[in-house]
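Heads up: the structure comes next, in structure tokens.
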Amino acid sequence: MAAPPDLAHIHHAELLTTKPAESLRFFVDVLGMEIESQAGESVYLRGWGDSQRYSLKLTESAQTGLGHVALRAWNEDALQRVVRDIEASGRGEGWIDGELGHGPAYRFTDPDGHVFEVLYEAERYDPPSELAPSLKNQPQRYTGRGVGVKRLDHINLLAADVRAVREFATDVLGYRLYERVELDDGSEAGAWMSLSVMAHELIYTRDHHGANGRLHHLAFWVDTREECLRAADLFLDHDVYIEAAPSKHAIAQGFFLYAYEPAGNRIEVTTGGRLVYDPDEPTVVWTQAERAKGQAWGVKTIESFHTYGTPPVDPSTTLE
Amino acid sequence: MAAPPDLAHIHHAELLTTKPAESLRFFVDVLGMEIESQAGESVYLRGWGDSQRYSLKLTESAQTGLGHVALRAWNEDALQRVVRDIEASGRGEGWIDGELGHGPAYRFTDPDGHVFEVLYEAERYDPPSELAPSLKNQPQRYTGRGVGVKRLDHINLLAADVRAVREFATDVLGYRLYERVELDDGSEAGAWMSLSVMAHELIYTRDHHGANGRLHHLAFWVDTREECLRAADLFLDHDVYIEAAPSKHAIAQGFFLYAYEPAGNRIEVTTGGRLVYDPDEPTVVWTQAERAKGQAWGVKTIESFHTYGTPPVDPSTTLE
Amino acid sequence: MAAPPDLAHIHHAELLTTKPAESLRFFVDVLGMEIESQAGESVYLRGWGDSQRYSLKLTESAQTGLGHVALRAWNEDALQRVVRDIEASGRGEGWIDGELGHGPAYRFTDPDGHVFEVLYEAERYDPPSELAPSLKNQPQRYTGRGVGVKRLDHINLLAADVRAVREFATDVLGYRLYERVELDDGSEAGAWMSLSVMAHELIYTRDHHGANGRLHHLAFWVDTREECLRAADLFLDHDVYIEAAPSKHAIAQGFFLYAYEPAGNRIEVTTGGRLVYDPDEPTVVWTQAERAKGQAWGVKTIESFHTYGTPPVDPSTTLE
Amino acid sequence: MAAPPDLAHIHHAELLTTKPAESLRFFVDVLGMEIESQAGESVYLRGWGDSQRYSLKLTESAQTGLGHVALRAWNEDALQRVVRDIEASGRGEGWIDGELGHGPAYRFTDPDGHVFEVLYEAERYDPPSELAPSLKNQPQRYTGRGVGVKRLDHINLLAADVRAVREFATDVLGYRLYERVELDDGSEAGAWMSLSVMAHELIYTRDHHGANGRLHHLAFWVDTREECLRAADLFLDHDVYIEAAPSKHAIAQGFFLYAYEPAGNRIEVTTGGRLVYDPDEPTVVWTQAERAKGQAWGVKTIESFHTYGTPPVDPSTTLE
């Protein structure tokens, strides 16, 4: 029986960078995010439409990839229910004190080893006067700098065993499964999941190298397809590597633009995507042949999209 | 303590028309909807993105306005909880057999007299071959006829006492209240409510004439602002009366185009609007002075937008 | 010394089809053109923004490809000057009586054998009442059917010797040469020419098979990139083969969508492109390496774009 | 007999400001123009798509309004022909030495007293390395700062006697007259003229106060309607006064957004507009009743649009 999830939304993601200065310039000058705070090796960044203080924690590190993902529950009771289920799964690691912008969080890993946190208490953004918006239903002034991403939209994680992680996400975390890819051999190549009517908030795709804990991409929202096209012009004239030019996905029907930030993490600028209102929406299952057709309008998916992730894999330790 | 609503989405709205042939031509040829079925005095219509069989029931009647609104619960238990609360409110009218496309429904009225139904069992749309889509995550082929509205998006009802109806909607039906207008005298002029992250699904605005049970407008979704602009060109060359040209609302930040269908009911073509992920999102309260500023970019709201609704009021029976 | 050309615009192109009924349905139902007239084996078609009676003559034929292109001069004197230069070039074939919609025309071939006509006298479109527009500065009502192309925008012809045809176009016909591709061996692979500030109206690209007189594509204009994206959705759900999904050209910077009409002729839906106001604008010369980078945002050009044209070549008679 | 004009394009316009620092910040930070040079009381500014060194000369002055407009001829002979005709009209003032970015110019006034120059020799823009573009057919890198206007598009001047100035523009300067407004009393209220296929490059509208030499607005081009909508969001959050929110003109069908720069000069962000390829395009004449209908989609024209210009008029010296 379908029911609304106990989790409400992604609070933030932590991205690791080996080139902190260059990465920061990318997120601030090219994507147009604001620096909300800095502490230790981390800079906390926000889009102009993020309701919370930040949605991206950018941390200097010896390697690239995902630090962790923090998910926020609807309320304190919902948080306790989710924590109980995580503990029952055996993947729990325990409570940690909150950090900047949020309260206590329970830490755990998914079956592929990605680090997650769940939390409820969080601080809404309160803009300084120079960033105060004209419209009071908007968290922050629209500065118009660079791409001007609005907020962190979704996260795509690589996993050696997609079935295992997506079952964890649906059965333990309560995500709704909207679409998935099942190959001819019965294995799963990808799963698109959400906590809301939006087409996807958490995606798992198969790690081509069989490695664990890697990141496919972080996706940042803009309100229009034209802003994705404009972002491509900006990337072109700011020497940002464009991996896949703007087009429309078949799966989920989102509009995309993929690029690599200076340290090599893949970033998406996204908008659109179908809306799922039906509580009983059946999961769409795409076959290997259907996926091979490429994107919605026939664009063949570039090879690196299926093979590249961060951190890079050491060829000597992987299957391929 | 914030919690996800037991209701999931609007299933359909029934619109009454005194000019059934002309209205039908408008919805089919100009808005681009499909006729899913016909029965008695009613035609059941759908947008290409509606997951259910239909979202609009167009019914010949002696007067214009709203027939009823049908809301769908997340599951059977959620439906029973909602019905229990409606009965407790004293506004329940009892169960009715389902009609085309959905199962048993419980009928009630809001405090302003608009007729509602709540239901859970509903049939998903299964397209005939000529309307089968290319992408399997899309309910129906995109025909491209006319405006090509995707689905019914939201409903705006007029009410003599906005505070009473919005309290009913939030306290009994479980709607989340995202924005409202409070005039200098403390009375309420409008309330924008939702069951999801979308900026609004049910809106109440004050009936200028103090009448009851009237309709402000039905809003149909398109995916892009450019489709709203294109719709304006289509309306212009199809002799559809444009009440308000495309622009951006301050409240909810949706992009709009308002027109009257041939029988006089107001129709909106809409897209955009802010997304509300925070479970604890505070309600934005707009003052009389703020509302007087007009829309987001300073467009003054046309007078008829505040005074016109369907059915028309008999001046002899109203306050003004 | 730069001077404005004596020719003003493309009057129409004749396209040959081996599947006249299917091709006609494509141009009318999918591209949204209007049938202005029919005579013999030909149908005369127009976009809603064409000022002349028609811009496309669709003719049943034993093979696909281009029938002819008709160019219109600024005035009678300009026409005589152009005809004099054509005659001097030795490629003239003589005057023919006008046909539907235009007066006397002088027929000639370019050095690759494509058939051209030049003319001056032409009839402006006078819409029947059902196609009368709301705005008097618009030739025809915007019906909104299908893609809704506005007018024929430009023509791309294949040629075995690009240098020869582009020199004919610039030196004899007076076209302005805005961009061209020169390969490492000094040969030319393409030339983008115009009579106006628009980025291109006549393009020649190298015939990969060394054949003569073939067509690369006819391009139809829409006013916005969003209409190109929408056209891709329409093509997808109308079983039209998409050769290249919407993206932005590096050369001329136009936005494109390429597809094959049912008989196999390549059709482009286009918008944008840089505007050239400087009378002394230097010709941009792209190298082989630059062209190999693909389109503006890095999309690699699909192989068939360089090899496919109509009519198809008989492999036994070509170099490759 | 229609013939192409001897003038090719607007080279630049000089705008006078009483608040040079604030105006400069507006053009650089909000509109996103680049400072190409500075000299004396003037700053020379360019859009990223301007082929010449600059298109706007911003000059500190005791009052706002237009300094002068400089028009560029196709070649030296064309320039001499235009100068000869200006001299014959009796409005010539003589040659001046070129200034930054262009050669000798002939100065004159239109019958309303606006100062014009015609010239031919001009320097193309050569970007410094930090502004070098990725695509070689683009004059400058796309920085993405603010609105990011591409180039100066057109100029609208107020005139006490519209008929006199538009006859001067067509008969002496060679402009093509595409549309005009004729009031019921036979007087003219506006004229839309061009040197190219673009819908308008020089516009005259009636000075409501009967004053002379005033400016209605300078219009800057963006490539898409979405950029106009985005500009409105930027203006809103940068405290720029929006006089008229984005919508579509009936006359010329351009998409518009009108605002006042800090010193009070009206600025338009524009795109679209019909294209005029027919050499014999008849002038569209709009009646008083037609103009009163407002813009294309029914937006009523704001009163100040008909009455406000720069410099402001001294009420004691005008008719009204």
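For clarity, chains are labelled A, B, C and D in written order, and residue numbers in each chain start from 1.
Note that a residue touches a chain if its C-beta (ideal position, glycine included) is under 8 Å from a C-beta of that chain, and two chains touch if they have at least 3 such contacts.
Bear in mind the structure is a predicted one, so any value in this text is a computation, not a measurement.
Homomeric contact subunit B/subunit C is classed as same-residue, with over half of its interface positions used by both copies. With centres taken as mean Cα positions, subunit D sits 32 Å from subunit C. Chain geometry summary: the mean Cα position of subunit A and that of subunit D are 46 Å apart. Those residues of subunit C in touch with two or more other chains are numbered 135, 224-226, 233, 236, 296. Taken as a graph of touching chains, this assembly is fully connected, with contact between every pair of chains. Subunit D contributes residues 133-135, 141-147, 224, 226-227, 230, 233-234, 236-238 to its touches with subunit A in the complex.
Interface residues of subunit B, counted against subunit A in their complex, comprise 1-5, 8-9, 49, 51-52, 72-78, 124, 135-138, 178-179, 196-198, 223-226, 250-253, 272, 274-282, 284, 286, 290, 296. Interface residues of subunit B, counted against subunit D in their complex, comprise 225-226, 229, 232-233, 235-236, 242, 245-248, 295-299.
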